[in-house]
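Following this message is one structure expressed as structure tokens.
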Amino acid sequence: MRRDIVLRVIAKLIIPFMLLFALYVQFHGDFGPGGGFQAGVIIATAVIFYALIFGLPAARQLLPEWIVETMVASGVLVYAGVGIVSLLLGGSYLDYSVLAHDAVHGQERGIFWVEVGVAITVSGVMLKIFYMFAGRRRDEDNG
Amino acid sequence: MSPELAMLLAPLIPAVAAVGVAACHRAPNLREAVTLTASALLILCVMSLVGPVAAGATPVVRLFETLPGLSLEFRIEPLGMLFALVASCLWLVSSVYSIGYMRGNDEAHQTRFFVCFALAIAATMGIALAGNLITLFLYYELLTLVTYPLVTHHGDDAARRGGRVYLGVLLFSSILLFLPAVIATWALAGTLEFVPGGILAGKVSGTGAMVLLALYMFGIGKAALMPMHRWLPSAMVAPTPVSALLHAVAVVKAGVFTVVKVVVYVFGIHFDAAVFAWLPWVAGFTIIAASLVALRADNLKRRLAYSTVSQLSYIVLAASLLAPLSVIGAALHIVAHAVGKITLFFAAGAIYTAAHKTDVSQLDGIGRRMPWTLAAFGIASLSMIGLPPAVGFVSKWYMVAGALQAHQWMAIAVILVSTLLNAGYFLPIVYRGFFVRPDPNEAAHGEAPWPMVAAMVATAALTIGLFFYADLPLRFARMLVGG
Amino acid sequence: MIDALVVNALLTMMVFIVLVMVGQRNLFAVVILGGIYSFLMATALVALDAVDVAMTEASVGAGISTVLLLGALYLTRGDEAKPMRHSTIPLIVSVAVGAALVYGSLGLPAFSDPNAPIQTHVAPRYLKETLSATGVPNAVTSVLASYRGYDTLGETTVVFTAGAGVIALLRRRRRIREDEER
Amino acid sequence: MILDHLPALQVVLPLISAPVIVLVRRSRFAWLMAVAVSWVAAAIAVMLAIRVADAGVISYALGNWQPPWGIEYRVDPLSAFVLVLVAGTAAIVAPFSRISVVAELPREQEYLLYAMFCLCLAGLLGITITGDVFNLFVFLEISSLSTYVMVALGQKRQALAAAYRYLIMGTIAATFYVIGIGMLYLMTGTLNMADLSVRLADVTDVRPILAAFAFITVGIGLKLALFPLHQWLPNAYTFAPSAVTAFLGATATKVSIYVLLRFYFTVFGTTLLFRAMPTDQVLMLLSLLGAVTASLVAVFQKDIKRMFAYSSVGQVGYITLGISLANTSGLTAAVVHLLNHAVTKGAIFILIAGITLRTGGASGFDRLKGIGSRMPFTSFGIVIGGLSLIGVPGTAGFVSKWYLVLGAIQRGEWIVAAVVLASSLIAAAYVWKFVETAYLTKPDESSVKAGEAPLPMLAFAWFMVVLCVFLGLDTSLSVGGARAAADFLLGGLR
Amino acid sequence: MSFASHYSYWATIVLMIAGLYVVIARGNLVKKLIGLGIFQTSVYLLYVAPGKLIGGTAPIIAEGYRTYSNPLPHVLILTAIVVGVATLALGLALVVRIREAYDTIEEDEILRLDDEDGS
């Protein structure tokens, strides 16, 4: 499959659009359906798609394991960190109103950041799981 | 020393001694010195309480609240005083004896033995001084557990089996019968203090009271009322000093002590006699049946074991009559049986150590080789039968007087018949030992090691001495019934 | 009424697909059917106005789950399920559960009842003030990220737990050694 | 100021520590982090308990959204009690865990185990502290998923099968729970526990409520290993890494029992349930069956870990029995036994971890012959723990049994009292199996050769052993706390 | 209450039972997980369907709409979906490991092998 030139070309065309779509879903989630979780899944899907066409090693080169593993952890930290920041600014845990001078603005800011956190962790985890599953048989075959 | 301090120290001294013994496991002489010093200290400590208690004081020490409204608490009263005295004195004697026995027989795990021995005494002190039923129950169970390693001392299959029966019966009875009785008492009376006149008076009557009484009497398995007596013969797998401890000092005495405590302080001797009516029959049956088994037993320790079962039921019988005189008799018999039976076991152990004999039929002429031993055995037998000049006579006298007072003809008949049976299984041993010719082919041997003989002579002397000087125990026993 | 009909039709189709899945022994076919089931579910969710949920179900149920299952099938080479064990007890259990559910459902509010408690308590406030309080018109987003933001933190943690768990379970010792040396 | 946010920090700190551990990927750091976090959590729990005792129920609105619109954290006497129990156990298990983790796990997995440990702790604390039924589900899943992973990290391959089985059963349980709260939500429109209890009283059609009650009971019953829903537990406990067994054995089922109490007494209220359905009789019957059969099965086990795992099922039966009695003594028994059993089993499983460390992972009785002289402190500690399981006076177990029997007698249930006491004799039978193996059997070539367990492990285990005896002698704190919780629960009914 | 008004519940219940049945009755570990998935998924409908209002729209505030369906069940179910996929991922990882350790993914077979190990 990796040698199929048509697929490769199509993939190279589609994958940027997928990522763009993910960003749209991520940031348009306030106004339409979507949000961090769905965006994370789409980002992961894009990379998985890449891996299926160009092979796992190529995908691993594009997005190395350690980055993925860092994503897995850092998304949760971003989310929980927003809560800690709101604590430090004198609010309750995850009270976004204190994040800006104006409560509504603070809410928007808080929602933005927690959605970013969700997206990072979700895409990281989905990718990591894919790497784990896909890499398994190869290792087994190698020895 | 204030009485309160003495009461705290009484269970503490043997417990600390146990730690000390364990620490000295590499130096046997030092280890034995620790045991002997501690037992001497304990006697002094208990003695210091005699004055205040005789003067009518009931000092109290409250430790901590185990359950809301229920504290771990020590309170000494005449009966506990009597028990503590007996146990502490006999600890010294049996320690001396044990040292001789363990060394004479090259027993293994001697340190563990002395540790558990000391812990058993600590638990016994706790029982004697217990200020309420929950404290008593705690130490009662503790005693079961710390004597388990003693019973299974040899660690072989027989020991394991004996240990299972020992633990099985004692745990079964105490958890399944004794504990619910205690909890029910708490639920009914709202207190578990030992109060003269009883805490259940007016709180329960009729069938409920009878069930409760049955739970107590059978639940206190250490008193070995049939059918809860099975643990006693099973425990005979233990080394002889342990048997002495179990039968004379700690375990069985803890049982009958608890029985008397429950009758006097929980139900009260003015409780409705109809509730108690069945108990003399059970006790009487136990006395006769156990005596008959003893009569037929050839193994010396087994015979002594069944003798114990029967003797314990004297105490239960006497207590169950609810007559003041018989309760005095019960209290006295705790003392009388203790000194008598310990002598008998000492003698059995001495015979085993010196001659390696365990059966009655092997004892022909043993008295010629071991005159001191058999003389002590004879004196103690007199006490068991209830003949003067041994202390057993005094306690039996009070029991019979009590039975007369309560018009319990059945009890008198039981005591008379069993006296004959006692004579029937003790006197032939004495006769055989002194008057039948020994088998000439046997290897010659003398007395057992001197510590054993000394201990035996001491307790035999006590058996006679208490007959002539029964004032002190009698005084405490009288106080028990408010006399 | 059209909404209700669409929903009910979709539900009926899902029931059929699931019943086929129960009987089917070829695991590959079951996984594919599962994907179709998820798509139907997503469609039904759209019809039920749950667009966010539908989007997630489509990407997760039909997408990720199917990929994972296929991957696992590939790794386990598990293409053939053994015949069913005797299934009276499971049947009894399932039917009992169903009976309890039906009994309970008899008292539940009717479909699309505007006076049902869920329409009158708690939820109206979200709809009323989502724009003014959080500046976010999508009430699902504002509830998800703000009102019940703490749930979503937990949810993210669940994903994280699964990720770290899969790493723990599937990581090879040998390769990690190299990782650490690097 | 920071004191006002203790309820949030209680859960968030362990939760944050997990991703930090995964970021750093160093096993020593991971261990230090786990220790630090569990100690801080324990300190917070104690502070919360003190504040609750002084000032009454604490309510904390997350995100400053007032309940029932936002999620509420609620600390009352019962949840404070369980928080201290869970965090305290973690604080004791975490420090020594390194010894057995190093021995049992490959190095690369160590930090992940600690991450899972922190997540599990966060999940259990979250379940306990939350006042929102759906938030409870989320944290239930956090603790469950991390538990599956921890169990699967055991050395033998059976650990994998046990984890899988636990995963299936646990997920069914969680789904049942979700169905139950779904029905409650449909009938009331709220997810907040306090709000639910108010609004449930006004619901006229009780059929969905009864169904919800049944689903929640079965779901939580699965999680707490209520007989006959306990099948996942023995293998999970037997094959999990030893440190994990010690932690789970002391906490996991306890938290589920807490959830049951919360629903029965806070959300539903006994008026609705104990009148409308024979809940108490059914629960009583199951509890007694569980206590007796699990203890009997324990007697016949050939593996000590498994034996004590079955014993846990039996002990859970005592706790649910206390709940089913539904009077002050019974509830006090249930709550205080949460603590007493946690301390007892914690001690036992830590000591067993010491044994498996020396045997290289084996825990069959054939390897334990004569261990009493080889590992005297370990063996004796297990014996004392065993005495507490039997309910010998002077140990924590006695106190629980006292209240349980008292509660039964006060209700006039003499047979129940008798069965409880009889089952403690069965406990004596399996404890004595260990005693005879350890002390009255000659060691042979298959039995363990090595010496005593490492000192830190012994120290922590013996701390719990001593605690176990202390809680049997002085009960002002344990029974005091349990009594307050029981009164609070029963008071919530009126 | 009429048949039509409760149809969605009952269809949901059938889905639940089918899923639960597969989990309990089937011995193949992958199939069990699929059944578990169906069981979990069907719960979504229990929450979401009653939240729907006829004539309502998705709960995204916009000009021209007055009736919105209830957003809260949607939020809850989003969480439930995530939990479901997390469970599935872990379960499959376990199945892969089990397959490597036991060389089978049939439950009966695994139980038999466990017995041989003498647990």
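Letters A, B, C, D and E mark the chains as written, and numbering starts fresh at 1 in each.
Keep this in mind: a residue touches a chain if its C-beta (ideal position, glycine included) is under 8 Å from a C-beta of that chain, and two chains touch if they have at least 3 such contacts.
Because the structure is predicted, anything quoted here is derived from the model rather than measured.
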At minimum, the number of touching-chain hops separating subunit A from subunit D is 1
Moving step by step through touching chains, the smallest count that connects subunit A to subunit E is 1
When C-E and A-C are ranked by contacting C-beta pairs, first comes C-E
Expressed in whole Å, how far the mean CA point of subunit B lies from that of subunit D is 44
When centres are defined as mean Cα positions, the distance from subunit D to subunit E in whole Å is 27
Subunit B to subunit E, mean C-alpha position gap in Å, rounds to 69
Multi-chain touching residues of subunit D, meaning two or more other chains, are 15, 18-19, 22, 62-63, 134, 138, 141, 145, 148-149, 152, 179, 183, 185-186, 191
Within subunit A, the set of residues that touch 2 or more other chains is 31-33, 37, 69, 72-73, 76, 80, 83, 93-94, 96, 129, 132-133, 136
Going by residue number, subunit B touches two or more other chains at none
Chain pairs satisfying touch are A-C, A-D, A-E, B-D, C-D, C-E, D-E
The subunit A residues in contact with subunit D across the complex are 69-70, 72-74, 76-77, 80, 83-84, 87, 90-97
Subunit C contacts subunit A in the complex at 51-52, 54-56, 59-60, 63-64, 67-68, 71-72, 74-75, 132-138, 140-142, 144-146, 149-150, 152-153, 155-157, 159-160, 162-164, 166-167, 170-172, 175, 179
Listed in rising order, subunit D residues that touch subunit E in their complex are 134, 137-138, 141, 145, 148-149, 152, 156-158, 160-161, 163-164, 167-168, 171-172, 174-175, 178-179, 182-183, 185-186, 191, 235, 238-239, 302-303, 306
Interface with subunit D, subunit C side, in the complex: residues 100-101, 103-109, 116-123, 125-126, 146-151, 153-155, 157-158, 160-162, 164-165, 167-169, 171, 173, 176-177, 180
Residue set of subunit A touching subunit C in the complex reads 25, 29-35, 37-38, 41-42, 44-45, 48, 65-66, 69, 72-73, 75-76, 79-80, 83, 93-94, 96, 103-105, 107-108, 110-111, 114-115, 117-118, 121-122, 124-126, 128-130, 132-134, 136-137, 139
